[in-house]
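Each chain gets a letter, A, B, C, D, E and F, in the order it is written, and its residues are counted from 1.
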């Protein structure tokens, strides 16, 4: 596995998700946290954009942020807690937070 | 006659103090019986979603403050239909009664107020 | 997973959810048996070292939680001095140097340079940054 | 143009270009013979009232420029007290009330509530807000 | 005249320009300041978006911000200084800064 | 062997401290002879434009610090071709020599570094 990309900005207000998708490789992962979980909103442009990520690239979302916003995640999203976040930070070669 | 103020709330609810502090402006104006209204635009419409659980991220529920608006005499609450549609939010998924406006109505709304603050 | 050495860097103020996420990550890292080499506070993150933040009683006091966490675990909490000066976060020495009335850095923090970030990264397996909203 | 009464509101920290634009607008308004009813500092704008900001000598010191401007023209500079407390900007009274070591508000500023913004707007012809980057 | 809209965020990183154009009326003005002046960059999407503003709506840009960024403005843009900014704030009925 | 760091600069140059403070990370690493590189992405490419006059907004010229990178041993400077094109910036309008990368090269670049900071 290569890079775990971490987003926290709303994909509706901000261009980070688009740029992240350009940089991602098939071995990368994408973790949605904070307002970035709004990308899970069905029927929206960011939700469609998420599906353009390289085949094989995994998708994670911080469970507490999804719950806080009354969203739900599809089968292709692994909902994680902080212990799992720590684990992923070790499993991937590097963590790239889009600050 | 008192000068009227429209607050345009563009911020998602749980990303820091922005949404809360915007709302506080309106609540403070309501306490003085000033003519105030709120328009939820862009990510601001996420403030209206039902069944949110901010306790999951240790935040206080903004919804209680939003519902207090009417008690403070702030009865004009609007949301941009365009912003809801872009975000896949249906009108019946909202937890607060607001009037949805189309683009032409948004333009007309601004012209009715003496001042506007967009946050 | 093998035990990892983490350097954490925080770029947002304690009023931002990013600050809370960084703290929860740090807690989970220690609970998982990992090591935190250093926590580096940069940009708006420097406000986390201010002893002056007053949070309403019914809300989590992140600045206080950071200080308690760092003290309780004897961690190395470093605040970038250049970023702190520009934002009005001063310890006693800097307050005297620049003739400011008030040192507002809480105990447990060290003001130092960006070299401390690089040095920590060199001793770690992973750098994890937190920032934004 | 007839003489106007302005209320200005600043939402960004003095490290932001928005703070400089607000000050230049305020200077131009007075130079043009207009009146500034009040300047209200909200959100990150409250950092403008901190006496602790240390700006490198070869850069404009916006916090100092604001203080000098407000003092020189006897203007009403009001800092939102709720926003200031959360961000660690305290005057002597608040520092004592919350048992914090350091009052860091510069002279010339008053901490008060959001009502002061509304009151000023009611006495003005225009509210002009500055914020963002 | 109605509302003077003031932008300061980069239109490449942010959605404010798009939303502002939706709200603008023919009697409104748009003042680009700070990073918002990047919308004057020819050949870019924001530059094309500017031309979709209502016919009659005037376009202003803070001259110092244009100069700082080595940009140039077309004939349809009035470059202004702070005294003129103050004047416009009085000429329009209200000032809407997109904070 | 020293751990390498790629800094991805996404911020426009004159909108506050962000661009300067990002660059300072790289300069500090260069001072320690650490293997560092910079990628200018999104609005970060505006940092590279020639003939800028930050004195017009009373800011110090970042360009001098950028040009100091090579003195500090930071010789790998890249920019995303996509970001330049989106912003209508031609390669010959740049004031600093950088290597332009296409999308596939961007992905490959990240994989070469131990750590990444994106600001």
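We adopt the following convention: contacts are C-beta pairs under 8 Å (C-beta built on N, C-alpha and C of every residue); 3 or more make two chains touch, one makes a residue touch a chain.
Computed from a prediction, not measured in an experiment: that's the story for all the values here.
Listing every chain that touches subunit E and subunit F alike gives A, D. The chains in contact with subunit C as well as with subunit F are A, D.
Path length between subunit C and subunit D in the touching-chain graph (shortest route): 1.
Between D-F and A-B, more contacting C-beta pairs join the chains of A-B. Using mean Cα coordinates as chain centres, the one most removed from subunit E is C. Chain centres here are C-alpha means, and the one lying farthest from subunit D is A. The distance from the centre of subunit D to the centre of subunit E, each centre being the mean of the chain's C-alpha atoms, comes to 25 Å.
Note on chain placement: the centre of subunit A and the centre of subunit D lie 39 Å apart, centres being C-alpha means. Residue positions of subunit A with contacts to 2 or more other chains are 10, 12-13, 15, 34-35, 94-95, 97-99.
Annotation for subunit B: residues 10, 14-15, 17, 42, 57, 59, 115, 117-119 touch two or more other chains. Among all residues of subunit D, those that touch two or more other chains are 11, 15, 17, 86, 126-127, 129, 131, 133. Taken together, the touching pairs give a contact graph of some other shape, not a line, ring, star or complete one.
The complete set of chain-chain contacts reads A-B, A-C, A-E, A-F, B-C, B-D, B-E, C-D, C-F, D-E, D-F, E-F.
Residues of subunit E that touch subunit F in their complex: 10, 12-13, 34-35, 38, 41-45, 47, 64-65, 67-70.
Against subunit E, in their complex, subunit A makes its touches with residues 12-15. Within the complex, the subunit C residues that touch subunit B are 15-17, 20, 58-60, 133.
Residue ranges of subunit D in contact with subunit E, taken from their complex: 1-2, 4, 6, 11, 17-18, 21, 24-25, 27-29, 31-32, 34, 125-133.
Taken in their complex, subunit F has these residues touching subunit E: 10, 12, 14-15, 42-43, 46, 49-57, 59, 86-89.
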